[in-house]
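Each structure below is given as C-alpha cells.
Two complexes, one shared chain (chain A), two partners (chain B, chain C).
Then we have the complex of A and B:
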C-alpha cells in the first residue's frame, strides 16, 4: 500500500512488526523527493546565464558582407561553457549554450555601436544580427536555429546603437552557439563595431507544459 | 501535548494511541507528507517551466498599399506551457494566464526589392483587455535600397503589469506605396515575476 503521488509506503494493520523498516523506507523516500525538488528549484534560481563583451573593435571595409564581431571575452557566466566537441573552428566570437538532456528555451540578445571610421554615405545601412546555431556531427557545418536583426539607416559619424533579441529552443544533447555580427553599406569608409559590444543568453525553462511530469 | 507539527500540521503518534492504530497513524502521516510534496512539486514545476508561449509564422504577405496596424495572424505554436494559445480559435493572440510582469520579445521581418522605397515603417503593439493601452517599437528605413533587406522589430522591454485574460497581439504597418512583403513574424510572452 502506498500514497497516490509519490508512492510513499503506508503501514497496514496486518504488518505492525514492519514499523521500523517502513519508517526507514518512508524517511528515505521523503529525503529523495525533497532532494529532487531542491535540485530543480536551485536550477531555477541559478538559471544558466552568460554575458560576453568585446574587448577590441571589429572593423570591416566599405559595403561589407556579414561580419562576426570578434574579441569576445566572457564577462559573466554561472556554468561551464562547453568546448566544441567536433573539432570545428568557430569564426570570431561566440557563446556556447549548456548541454542539456532535454530541449530548453533561452532568451538571447546583443548590443553594439556601429561607427564609420571616416566619411559617411547618407542613408546607408547599419544592421546588427544575432544568430543561434547548432553544430551537427556531420562536419558540413551548422544548423541555424534562429536569427534576428535590427537596423537603421545612418547619415552621421557618431555611430548607431543597436540592440536585438529573441527566444530560441535549444535541442537536447546539442552543441549550440550564439554569435553577434553586423552588416553595413557605407561606401565612404569602413565601419567598426566599437569595443563594448555585448552578447548574452539566459535560460527561460524547459519545453514541457507546467504540471507535466 | 500537541498532536501534530506546528507549521504543516503533520500528525504524529502519541503515547495514548492504541497499538492497533499504528497503521492508521503511519498512513495518515505518509499521506500528509505526500500532499505537501505534491504541492511543492507543483510550485517548483511552475518556476522551472515558466508560463511562456511563442507563436510564429512564415506566411508571406505582400502589399502594394499602405498598411496600418494590421494584426498579424500566426499559424505555428512553438511552445505553450500554460494554455496561453489556441490558434484554432484565435490565430492572433497570446492570453495572459494570471496577473504579473511579463517580457514580450517580438520580431517582424519584411523584404522589398524596389529601389525607390521611402520611409518604410514598422510597428508592434499589444492589445490589452484590461486597458493598459499599447506598447510599440518602431524601425524604419528609407532611400536608396537596391536589394532585398529587412526591417525588424523588437520590444525587448519588461512590459507593464498585465492582468489575467489580457491578450497580446502583434501588428505591423508600412507606409510605402511600393510593394513590400512580410516574410516572418514571432511573438513571445513569458512571465518573470508576480506582482
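Then we have the complex of A and C:
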C-alpha cells in the first residue's frame, strides 16, 4: 500500500522489523520528494542573471560608426557564463547567455553615459544600442536575434544618459551573446561611454506555445 | 545507531533497534522541519519581494531632487514606510532587483531637459535623460537591474533644466526581486 500522491509506503506488517523498515523508507521518500520541490523553488528563485559593468571609458572619434563598449567586468552572475565553443572571436564587451536545451526568453538591458571629450556640435545624435546575437559556425560569424536602441540629441556638454531594454528568445542549444554599443554624430570632438556602463540579462521563462501550460 | 535521510536528515531506526515513542516524535519533528524549509522557499517564490510607490512631486529647476511619494501601491516585504521616509524603497532581503522609475509629462515649467536618476545608497546607478525643445512632452522612464543587500536604499531622483517651475509631475517607482543568489 502507498499514499495517493507521492506513493509513500504504508504499514502492512506489524512486526518491529517492518516498522523500522517502513520508517526508513518513509524518511527517504519524504526526503526525496521535498528535495525535488526545494530544488524547483530555488531554481525558480534564481533565474539565470548576470550584470556586467565597464571599468574604463570607451572613446571613439568624431562622427562615429557603431562601437562596442568594452572593458566589461562581471558585477554579478549566478551561472557560469559560457565560453565560445567554436573558437570564433567576438568583439570585446559581450555577455554570454546560458546554453540551454530549450528555447528561453530573457529580459536584456543596458545603461551608459555618453560624454563628449571636448566641443559639442549642437543637436547631434547620441544613441545607445543593445544587440543580442547567436553564434553560427558555417559560415562562421553571428546572426542577430534582436536589437534595441535609445537615443537623444545633445545640446550641452553634460553628456547624455541613456537606458535601453527589451525581451528576446534565445534558441535551444545556441551560444548567444549580448553587447552594448553606441553611435554619435558629434563633429566637435570625440565621445566616450564613461566608466560605469551597465549590461544585464535575466531569464524570464521557457518558450511555451501561447496558451500552453 | 539510527540512520537519517540524505538531504533533510530525517532520522529513522535501523532494523533491530527498539522503536520508541521518542523515535516517532523525533521522526515527525524532522519531517515538520523539512516541510517548513520547503514552505519558506515556496512562500518566497510565490511572493517575491516587490514594492511600488507613486505620488505627485514638485521638483525645483537645476537640482537633482529625491522624488517623494504619497501612495504605497504594493509592498509585500516591508520595503516601504512612507510615514518614516517618503522618498525611498528599502531592500529587506539580499538579491538582485529589477528597479524601474517613470514620470509622465510635467506641468508648471518649460523643460529643455529632464533626467530620471536611479540611486543606490545615494550613489548614481543608472540614469535616463531626454532633451526637449521646450514644447515636446517629456514622458520617460529608467530601468536597471541592481544588486542589493538588505538595508540598501533605492531612490529616484529628477533633474530638469528650463524655465519657470517648479516642475510638477506624477512619479512611479518600483523594485522587484529577480534572484536571491
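Please note the rule applied: the second predicted complex is superposed on the first by the 167 of 213 C-alpha atoms of A that agree within 3 Å, B and C clash if a C-alpha of one lies under 4 Å from a C-alpha of the other, contacts with A are read in each partner's own complex, and residues count from 1 in each chain.
Note that in this section a residue touches a chain if its C-beta (ideal position, glycine included) is under 8 Å from a C-beta of that chain, and two chains touch if they have at least 3 such contacts.
As the structure is a prediction and not an experimental result, all values here were calculated from the model.
Of the two partner chains, chain B is the only one that A:149 touches; chain C does not reach it.
Of the two partner chains placed around the shared chain by superposition, neither chain B nor chain C is touched by A:187.
Of the two partner chains, chain C is the only one touched by A:31; chain B is not. Looking at the shared chain after the overlay, A:105 reaches chain B, while chain C stays out of its contact range. Of the two partner chains placed by superposition, only chain C is touched by A:198; chain B is not. Of the two partner chains placed by the overlay, neither chain B nor chain C lies in contact with A:80. Look at A:165: by the touch rule set out above, it reaches both chain B and chain C. Contacts of A:119 after superposition on the shared chain: neither chain B nor chain C is touched. In the superposed model, A:206 lies in contact with chain B only, and not with chain C. Taken together, the two structures place residues 16, 19, 23, 26, 30, 34, 37, 41, 44, 107, 109, 150, 152-153, 163, 165 of chain A in contact with chain B in one case and with chain C in the other. Residues of chain B that touch chain A in their complex: 19-20, 22-24, 26-27, 29-31, 33-34, 37-38, 40-42, 44-52, 54, 78-82, 103, 105, 107, 109, 139-144, 149-152, 154, 156, 186, 188, 190. Across the complex, chain A meets chain C through its residues 16-17, 19-21, 23-24, 26-28, 30-31, 34-35, 37-38, 41-42, 44-47, 49, 51, 75-76, 78, 107, 109, 111, 113, 150, 152-156, 160-163, 165, 196, 198, 200, 202.
Within the complex, the chain A residues that touch chain B are 1-6, 8-16, 19, 22-23, 26, 30, 33-34, 37, 40-41, 43-44, 105, 107, 109, 122-125, 127, 148-153, 163-167, 169, 204-212. Partner chain A is touched in their complex by these residues of chain C: 3-8, 10-19, 23, 27, 30-31, 34-35, 37-38, 41-42, 44-45, 48, 96, 98, 112-113, 115, 117, 124-131, 142-145, 147, 178-181.
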